[in-house]
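Paired with subunit B in one complex and with subunit C in the other, subunit A is shared by the two complexes that follow.
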Partner chain A sequence: MNMLRLEFYKARRKHYWLIVAAMSGMQALWLIWAFRRIDARDLVQGYLESLYQFTMLNSIVLPVMTAVLVSRLCDIEHKGSALKVLFTMQPSGTLFDAKFLCAGIHLAAAVGFQIAVILLMGHVKGFGSPTPTADFVLYFGSQLLCSLFLALFLQILALRHVNQFIPLAAGLITGFLGLMAMFFPAWVMRLVPSAYYGLLSTVHMDWDRAAGIVTYYRAPFPVADCALLTAALVILYWFGRKSFVKREV
Partner chain B sequence: MLFTVVKIEILKLRRAPVWIAFFTLPLLAAVMGTFNYLQNISILTKEWYSLWTQHTIFSSFFFLPSLIGVLCAYQWRLEHRENNWNSLMTLPVSAQSIFTGKLIVSAGLVLLTQTLTGALFIACGKYAGLPGAVPSDLPRWLLLGACAGLSIASVQLALSMIVKSFAIPVGIALMGGILGLVMASSGWGLFCPYSLLALGMNANGSGYLTAGDTLPFFVSCAVFTLLPTLFAVWWLKKKDV
Partner chain C sequence: MDYCITTDRLTKRYGQEVSVNRIGLAVPIGTVYGFLGPNGAGKTTTMKMLLGLVHPTEGDICVLGQNVNEKNRLSVLRNVGSLIDSPSYYGHLTARENLEIVRSLRGLPKGEIDAALDTVRLTGTGNKQASKFSLGMKQRLGIAAALMGRPKLMILDEPTNGLDPAGIQEMRELIKSLPAQYGMTVMVSSHLLSEIGQIADHVGIIRKGELVFQDTLASLHAKSSRHLALRTSDNERAATLLPNSKGTDGWLTLPQLTDEQAAEASLLLAQNGIGIMRMEQREKSLEDIFLEMTGTEAAL
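For the complex of A and B:
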């Protein structure tokens, strides 16, 4: 807990929250723009449409936001050549954990903010269906899980390489792959970490091309895919932490 | 002088991995875009034009602007580190040359990326067995895209010069890309530098730009290239590093 508090103390004048706020604000503006003209049919499926829109946006925005956030969190140690000093003052594993937790808290705030925006939108526009609490819980958990995996992957890169071009480029390319993979069969999506934003979503879309009608519907939560990503997260955490602890700084 | 500055900027980037990312993005876009096209060939009926949209729509709005942002941030990162600003400003090199040198290197890399995008598009089209000739508009799309890339590079270089953080300008570029999509969809694309790439490259396949829009497009590119350049030169001359 002290280490986590230290991470936030280091971030005091770095305004990491501003990155999260700006990017989440941009997503909120997107939703407002998407709902600027809305008919009765859209109102009925407003919550589902919002969740679907945010899931798509997350696959583009969150990998880059995570890369920017994690790069800033880790670059602070590279800039000050602080790793050697820190390793003599605290167990190196706790530094790794604290950074990961700090990124995770920011990411949880971002996903939480999205849900708040959807609720506000539903209130203002008058979405014609009851608030889907279960969908929101699953949305929060799945989007956060995927973001945590990316944060971990990018943190390993950002701590390993002084040159922060590498985690940033990896974030961009992962985001691109995730977005493209959403148009591929599920087995391809399972190979791309950022495609899990879409893969773990319980809201899907059916587009009737002839009638030009979009219908959003619920699907069962993909427990197996969630378990796969969680297992990958645990393995990556074990590998990443171990390699960080054992490295020579 | 400018030629020497450009040579030095290239020298600084010699061992940097930026080249890899710039060549990876079009390659991934081509492979995944072609695969997606082949999977949905019954819906995507405009052959070469449909393939083109699959190759460019996502990268031109979101990822290429962000990647240009990374390149620009990387170029200034070297100056932000240690005492390099002091060294840079005491060199007998004009402020114009410092900024323009970085802009020319960025433009060169964007041009190479566009060339690769074009080559991969032709190769993938042949692989997919598309009938007919390659669209005669292809060189125009690539050239207009390169001009738009220059504008984005100019904006991003000016941003990265002021913002010391390496990562923040990249985030701004991504937000610019989203804003660009909204602006382009609303018909205001010529007023946003981040829309220009998709407009110029005809990334949605239905012709954002008509023949009559070409001149306003070039004017827009010129404005979004010159304004940040003039601002950056002013900033370099006036501000204490």
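For the complex of A and C:
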């Protein structure tokens, strides 16, 4: 806990939360805009539509947000050559853990904020269905899991390379690939980490082109895909941490 | 003699390139040990190995009486302060905040921060962020971080790099005072012979990864053997008359002679009709010795 506390202490005056607030705020504005005119039918499926909209946005916005956040969290260690001193005072693995946790807390706050926005929107607009608590829990868990995987991947890059353009570029490319992957079969999507935002979603859309009607519906939670991403996260964590611990500075 | 640091066959290879080759350091307790060598000789790599920042290819390290390995490294280093290459700091934090991180990681009482700031005269920096410090102040902040908790051993890698003359003088005084004031042992590296000559009791000289000298500074001075140099009207004949002489560059050199022996030699030459044009006593400077040992230009 001391290591995690120190990560937040080091972040003084860096205002990382602004990155989260700014990008989450943009997503909130998007939702407000999308619901500016809403009919009774949309009101009934308001929660599902919100979750669907945010899931799509997340596949673009969260990789970018994660890249900016993680690269800034790691850059402070490079800028002042701090690793040389830190490695003589704390186990390097705990620094890796603390950085990941710190990024994870920020990302959890971002996803939590999205749920708060949806709940507020439901309250203000009067969505005509009960609050889908289970959907929110799955949404929080799945979106956070994808973000954590990306954060881990980008953290490994950001700690390895002094030039923070590398993790930033990787974040942007990942976001772009996540978007593109949606146009490909599921097996292709499974190869792209940011595509899991959509893959793990339990809310899907059916568009009746002839009638011009959009229907949102629930699908079973893709347990296999979730297990696959979790396993990948564990393996990448083990590999990334080990490589960081063995690193010479 | 008790040693604060000893190494045995300490080696670091990067592929085929040998950066540090089987060196056996012996740093006595309570001394300032100057680790001297030209740029790229392996000083920083050696110091990083002592701190576990670079993994030795082979060899053993003993610090403060304990053989250092990956398991006990951090507990040994609790008694070691370090400043490697350039000072480490968080530019967006103040001096106090930077030291708070060190204090927290080392589990030290709050008062340590004021004491360290006071020692390096950074007490008045207030809310100024470290990125806005001068290089000298950053260097002092690095020293303050190393001093936190009054470690038994300080490892300082070129701590005067980039400092102005006043800063160098100040740093020199601080380093010299540490053994007497706090009972610390200081290992300080430099490529500046004059720097080490002013602060160290013991010296280790490293060249191309190999330790070519290690002893007291006094014994390094003792290597500066004196000799007599002569220029005569006939050096060749003079050399046959003075069997211990060697001829180089128009000069004859003789080993250190007593006044009487020198008088006898000059009389002998005069009796044989050889005129002495010049006679002078020469002494190898520390720079010459350093040059010989490192095979490079001495940095003065």
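By our rule, the second predicted complex is superposed on the first by the 249 of 249 C-alpha atoms of A that agree within 3 Å, B and C clash if a C-alpha of one lies under 4 Å from a C-alpha of the other, contacts with A are read in each partner's own complex, and residues count from 1 in each chain.
One rule holds for everything that comes next: a residue touches a chain if its C-beta (ideal position, glycine included) is under 8 Å from a C-beta of that chain, and two chains touch if they have at least 3 such contacts.
All of these numbers come straight from a predicted model, not from anything done at the bench.
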item	value
Partner chain(s) touched by A:F184 [first = subunit B, second = subunit C, both, neither]	first
First, second, both or neither for A:E248, with subunit B first and subunit C second	second
Which superposed partner A:V68 touches (first subunit B, second subunit C, both, neither)	first
Touching partner for A:L168 - first (subunit B), second (subunit C), both, neither	first
Which superposed partner A:G80 touches (first subunit B, second subunit C, both, neither)	second
Which of subunit B and subunit C A:M121 touches, first, second, both or neither	neither
Residue contacts with subunit A in the superposition, subunit B compared against subunit C	B
Subunit B versus subunit C as contact partner of A:K10, first or second or both or neither	second
List of subunit A residues in touch with subunit B within their complex	19, 22-23, 26, 29-30, 33, 57, 60-61, 64-65, 67-69, 71-72, 75, 163-166, 168-169, 172-173, 175-177, 179-181, 183-184, 209
Of all residues in subunit B, those that touch subunit A in their complex	16-18, 20-21, 24-25, 28-29, 32-33, 35-36, 39-40, 43, 58-59, 62-63, 66-67, 70, 74, 77, 165-168, 170-171, 174-175, 178-179, 182
Parts of subunit C lying in touch with subunit A, wherever the complex brings them together	48, 51-55, 74, 77, 80, 82, 84-93, 97, 100-102, 104-106, 129-130, 145
Subunit A to subunit C touching residues, read off their complex	2, 5-6, 9-10, 12-14, 76, 79-91, 246, 248-249
